[in-house]
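Note that subunit A is present in both complexes that follow, paired respectively with subunit B and with subunit C.
And now, the complex of A and B:
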């Protein structure tokens, strides 16, 4: 009987291994804890548990990299403060205002990525205010970015204190153990997110293998980048590349130069990497993103097209090309791309919203309502405002101003600092001859998003009508500051100048 | 006063010497300067709306230069040297060419084609070391030099069609490197802070003590000395005669232009504050270049040959000068008539006798210069002019009235072992009371090793364990000649010799009273000394005197090896410390950033209590960071000092033998030091190869 039981029970260590392979981390940890209770010195189990704990939380930190508010505001890594336009991700070119901007003032992208939300870091007050009002989740600093927020969940599960007490670890002993050292490092880096100790550990470990293991060099570089010592990180990555090309290292190096605000160096590195790994999609995506950040949309779309040739299911590329077609007045083509996304199984409010807009502009009015109904059905608080805003657009297009006004009110109820909605509402009020309300709405639009030129222009028009030439002049100046080639603003400004000189 | 062509204000304080000009887009000149906030300011006059842009460097900037480094590219790149790194940066594309950690620091940068290379190289000088990189950041040259490098230029000094490197350093030497072999050395009287080349084969230099001069090949053409110090040297054809003048910017705000051949001043202007830099570029888009002067307060003035007007005051100046001359001559004549009337002259056969000896009896052992007259005439005062011995080149000895006699002892302590000319002017008169003296002028030479005393050869020879041995086929008489030329030899020479095969001397250093023995026996030269520097000097001096191209010596310096090993260990620990300190500083600074953002957040929410908490924490971390920073600074200074020691040891070790492939040896040394391979290092020092 006893013997049978033994046979029936799987060896707990084997069970733990199987659980890990099945990504059944909780069970794996449970098994390991059981074994460790019996024999606390079982190194294999210890390592396995460490691995399970790490993998539970490890994230793709190349993709999830995000610059926090503090980093972008106190950024002093970028060398050039005001570099030539087209060589920096910070200086947004404002000459070609084709695309609307995000709430932070960056041109809209086809896909929401962690780094697309980062602003130029010009105004701390605004940067702090934005996430609170919009509910976009921008972390304070990169070190405490997504990694730690995803990581906090684990603390609850470890009821009897932390699994490994890092401060009491003998670094030099474990660093010399080639089997354990890498697992332990990953545990410290990903699970504990204790970058300083991870760095100390990596320094010990790389010494133990006589500075010849590129893996440790990459880890050192990662730690340095996390700590903000970008130049040290660069030298580690470059020295890792001496051992042989590696896509991950190239990508990290490229990201590092994006943080140094040297996009052209990044592109250079990607080109170099492409010579080793031709047609590598991750590298092409990186390049397409950098071009988009530089507002070089044609190059960006070219790379996205190349990606689609290689990987026809890449959603980011489809979305970005679709967006490009939409804003270059080809809604029919854009519609095809968005339908492709729908075919790929994407089913969310944003997609239906875009489909609705495209079909409206492509004059397929029959599906517009259905699309927006679907969008509203799927919408959550954070994106419903935009959908209502778009519905207001459609309503204006159909000539139903009442629905438009209602939609805009709904937008504002969901997001009170939606500058474009405020502006449009003001115009509608003005049409109803409610000038006082229109003016106050325009003022709040300017206060909410000062990178839009439309509220300034509208206010100038309003002031002009009321005979307040001085305000009109000031507002036109501001409008032209944001969009120097705005024809109408220029026109009125010239008229005003003529009028002033005739006085 | 000269009339500037244009002037403008940068409204920034500029660090002296850190000024350059570059055509970053290939066509427009931009003045570039380092500001006191560790930023680089680029002034682009062709962009009227945004004419000033900044580059963040975040480390103390120590050198700055713009130049063409990429082959077949018209665009200038900017090379920025800081205390711990060098950055080559393409301003137009906003991208790095390369970034390198330089633990030695960067004190001087030059860009130019070296003799054996096709493309221009970026040459940087730091703490005893010289490195060159190509535009991709590959190291193409590394060598050591005597002391901290202060200035570097690339030019063709010997007119052989290929460029050499000229390096001015803190040990008062200008060295000429061909690739990485020292071909020539010039000793100056102070640290060489600036060098600039004129064609052909002529270059100008400036010293810390305010001297400016011009060398033609290795002969000094002229020099002047001023009380204020030189901040910048530049060359510019101001008078339009086709020859470039030497433009000097002084720390007291003066700018002057001198003829490079005669040293005559042809232009002068004064700015309100110290000159930070002078550059030459076309700032008015006039088709030809102007000279642009930038002061430390950010005042910019441009000049060209229209600023150089013939001043109407010249003629009155001449009259004034002539009048002054007449007055002096009148006074002289007056003196002579007075002297002949009163009979206070000195006998016609009065002569001044000088005697140089090495003395140990004085309080500080020194070289003793004894002056006396051959009769009872007294020496009222003596001025001695010698480069590099005294603080200000000249010393005046003026005995008290009671002590005036016909004999005067002067102690000299040359700080370095070099050949010295001493110019003596003695005031000789018949008695103390008269006010007319005859001036005797004479020049004496101090030999190279004047600070060493020849002593009797010690009886027991095996006192010293460190030695250098090499084969030498030479007659003993030639060695005697070498000795008499390079040492102060007393009348009774303590040389132990049989005149044929056997020659032994012992010398004692007056600086640390250490003993060095040189023996020549059976065609074998041996030098026993603890001091590797002195040994190297003696070997180099012997080699040049006896015209030896090759000395392959065997050496044994256990103490030096120990020292090297110890220093290498220190460097290792110091570097580890600095990594730890840097991470802790980076960590605290991230924390600080968070706290500041949080404090700001609380302020916006009107949560004063929490804001105060945040700010208090910021204060504490700040204090801690300042402490950390001090530790880092000390650590860095120690590191620099140790690296300098290692570099000096390597240099001396390479100098204890003479051959043509010094480069290779220095490179091997460096690799051995980097890999801490003591066995190779030992072999290298012992026999000169692996």
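And now, the complex of A and C:
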């Protein structure tokens, strides 16, 4: 009887939808596969499965934008060689900053963003030396590298061959289908990572909706950007904006200008966006990052503070302001900021390292060691090297030179081309009068990281003591090239000049 | 810098039979004793200490008069007491609390400062109540540490300084008497009264233990102006006229300088960091010389004008006024040591802060005086540390090189960007102060645990051969395609060559193939770097851990060193697609 018919099973399609809502992507995909086996032409299920597969792998591609080495080096766009000061993200900043520099000469930033480790633009040698912090020791060869994870995952997880064979899809048929087209595009773009096909598809789709739908313009823009056709991407984004203001589009546009090395245009875009969306945190973050890239730390910090007023949990702002205070000789204030990060729930080796350093310089010696112990506990190989290096500094501060030496050895065992550790170990060996060791270590330091001026200066000093004036002169020149205001270098150079002129 | 060339500026006076005098700078003066316009050199000679001191008066190089004194004087000064035509001055000699005036080498007047009686102070009570001498001594010692030795009465001070065997006697003698406090005069100087003329009537400025007073020499009464200061006066200068306006510069032993002027009772004060050797007061500034070799100049409002570092330790300083050239210099005598380590004397003449003249003396000069001696206008009298008297006369044709030279001025500190002191900083310093003990204990304990951790890790790393103290290694990964080249560098840090090194590459055959997985290295000479290379080809994917290649360095049968090279992410997808299509 109809009344007594109890539905024993939940409708599988409905079950699949619920799984999708709950983010149980695997179960959803299973259900959908089951339905499709019975009825391969069920479009709704097909769409649902596509969606599940896409969402399983979705990444925030606005944040995760990387510029690989191939793009930056082989970029044939002509960018002005001598940009005016303060207008280029690639120009080396002046050395009145007190922050230590990374390998390509940019001052340290408070947070490791995906794009912070990208190459410095022109110098291929330097670019090849840029370390990638995650695991490997090489820079990205091309921008697809990160995204291939997406593509490869799809290959591994589907045992029964690819779900959709894109090469056999009929684009025009699906481009006009308003419900399926967008899902399909997302699938091709994110899941399969097949940009060329995605672009073709998007072009068809845009034509079908008579260039009215801004969403397709944005997707076109994204494809162009991925392929490196930045100006075309820009025109697409701008035309999308004409339909109405949209935060995502503004952000993509500003990122595009950053890639084109036009930070001032990027800032203009952000300002424009802020007039539409006042107090929007993502835009303010973008502006703060650009200011940091332009080396205008005070403006950057000002924006980060504004962000904190609007969103008190933004970790990037807290970290950057903390770093700024640390390097402006106010470690106790920096300590407060990093403690806040700890309260917010961030619990990793880098944070404890920073807490330890701030406590040490703020003279709260009782917490220093506890912080570093925690940091060591949580450290993986690549950041353990830095933590041991910092412990060596603390040991030197406490006067325990033996422990400092051991820590430096440990740093080198984890990262054998850590220039600063090599330099410091050389100085410690020098103090123990082991001059030969010191010299070879300094040579290694110079070979490993030649953007530091200290190994050059130390080598000059060592050569001077031994009477080797020629080496000393050469090294001093290099040291002054890197850091022109180094008083000691200048002093010795003057003495050497007098000596040479008297010969 | 003009070096001293003999006979260009100074005439050395040839002293046949050398004159030996033991004296201090404050016990010498050049004065016209008999009023006959012939300045004589009046000096107190302390002798060898066995005989009582004498005042010797020299006319030229001959000693004309001697006045014997009972006790050691603390200062000598010339005062003109009246306006007579003959202009005969008095020589005032200060002994303890009395001033003896000599006129024409004969005693003229004695002025003494009366001692005051102490009544109803703690000290009096102590003296009256305590029975035993040694008890009193102890009480007095306690009292002197609380209120200061200088504030005790003279009787108590003497008792504290006595030898033990005399204490009982002293105690019995002075027990019944009232406690007296004698005011010793430490320093005197002359202050003109009406006229700024050399022969004008002057009054005597007297510095006692804690105050400065002025004595009228015509009536021998203390004038109503009194100035109080903290500390013992060691040096004093005065300029101006008593009736109009005057300034008195007082320097104490502890490095305090006071300026008193007629109108105010409390003076401007400067504190210098080291003890003062001498002071000179001029119309608009004063110069003081301190033990650390610094010549400092201040305005009368105690604002620092300049500092000059002297080349040696200063011994004395005096003012030099050459009337004919109207030049005013400061003469400073320093002790320098030359290359052989012998100490020599150096006389420097400063115009402002620049040295205009130097005179080298064979011995350090302890007393120096410049003025009219005999008929000579500009005579420089120096007494060396070996008590030998030296006299130099400035030639009329002498010129001083006064062009401005770069001087050492105190460097003005640039703008240092000092960060603002935040509230957090203040809270934290408070916390440090309150819990300093616990913080220190905790720091030490945690530091020791960290030491253990570090050493543990180090031992582990040495055991696992991750690090080797003789080898420095680095690896380079070259190439862009599925075929990479690993270049492994080895550097020998030890002192001996390394022989028989083998490098082996361990890999997982599923993911990579290596063309020559092991190579044997030649001899590695100390301090040299060599490398070995091999080709790696990617086959398929894997996780990042599995994609690592191990490098093992061994010497004969021992493993010296181990390393791990993480292989990068590599895009094979396009390759595979292409292979599919073809």
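For the reader, a short list of remarks on this structure follows.
Here is the rule we use: the second predicted complex is superposed on the first by the 464 of 503 C-alpha atoms of A that agree within 3 Å, B and C clash if a C-alpha of one lies under 4 Å from a C-alpha of the other, contacts with A are read in each partner's own complex, and residues count from 1 in each chain.
We adopt the following convention: a residue touches a chain if its C-beta (ideal position, glycine included) is under 8 Å from a C-beta of that chain, and two chains touch if they have at least 3 such contacts.
A quick note: this is a predicted structure, and the numbers were derived from the prediction, not measured.
By the touch criterion defined above, A:176 reaches neither subunit B nor subunit C.
When the two complexes are overlaid on their common chain A, residue A:261 makes contact with subunit B while staying clear of subunit C.
Once chain A of one complex is fitted onto chain A of the other, the partner contacts of A:383 are absent, as it touches neither subunit B nor subunit C.
Contacts of A:329 after superposition on the shared chain: subunit C is touched, whereas subunit B is not.
Of the two partner chains, subunit B is the only one touched by A:203; subunit C is not.
In the superposition on chain A, contact of A:282 is made with neither subunit B nor subunit C. In the superposition on chain A, contact of A:471 is made with neither subunit B nor subunit C. Looking at the shared chain after the overlay, A:239 reaches neither subunit B nor subunit C. Between subunit B and subunit C, C contacts the larger number of subunit A residues.
Within subunit A, the residues touching subunit B in one complex and subunit C in the other are 140-141, 144. On subunit B, the positions that touch subunit A within their shared complex are 39, 50, 53-58, 85, 87, 89, 91-96, 99, 101, 576, 579-580, 582-584, 586-587, 589-590, 593-594, 596-598, 600-601, 604. Contact residues on subunit A toward subunit B in their complex (touch as defined above): 69-71, 73-74, 76-84, 87-88, 124-125, 128-129, 140-141, 143-144, 195-196, 199-200, 203, 227-229, 231-232, 234-235, 257, 260-265, 268. Those residues of subunit C whose C-beta lies close enough to touch subunit A in the complex are 418-420, 422, 424-425, 428, 431-432, 438-440, 442-443, 446-447, 449-451, 453-455, 457-458, 461, 466-467, 469, 472-474, 477, 480, 491, 493, 495, 526-527, 541, 544, 563, 565-571, 573. Contacts from subunit A toward subunit C in the complex involve residues 132, 134-138, 140-142, 144-145, 148-149, 151-152, 193, 328-330, 332-333, 335-336, 362-366, 368-370, 372-373, 376, 391, 395, 398, 400, 403, 406-407, 409-410, 412-414, 416-417, 436-437, 439-441, 444, 448.
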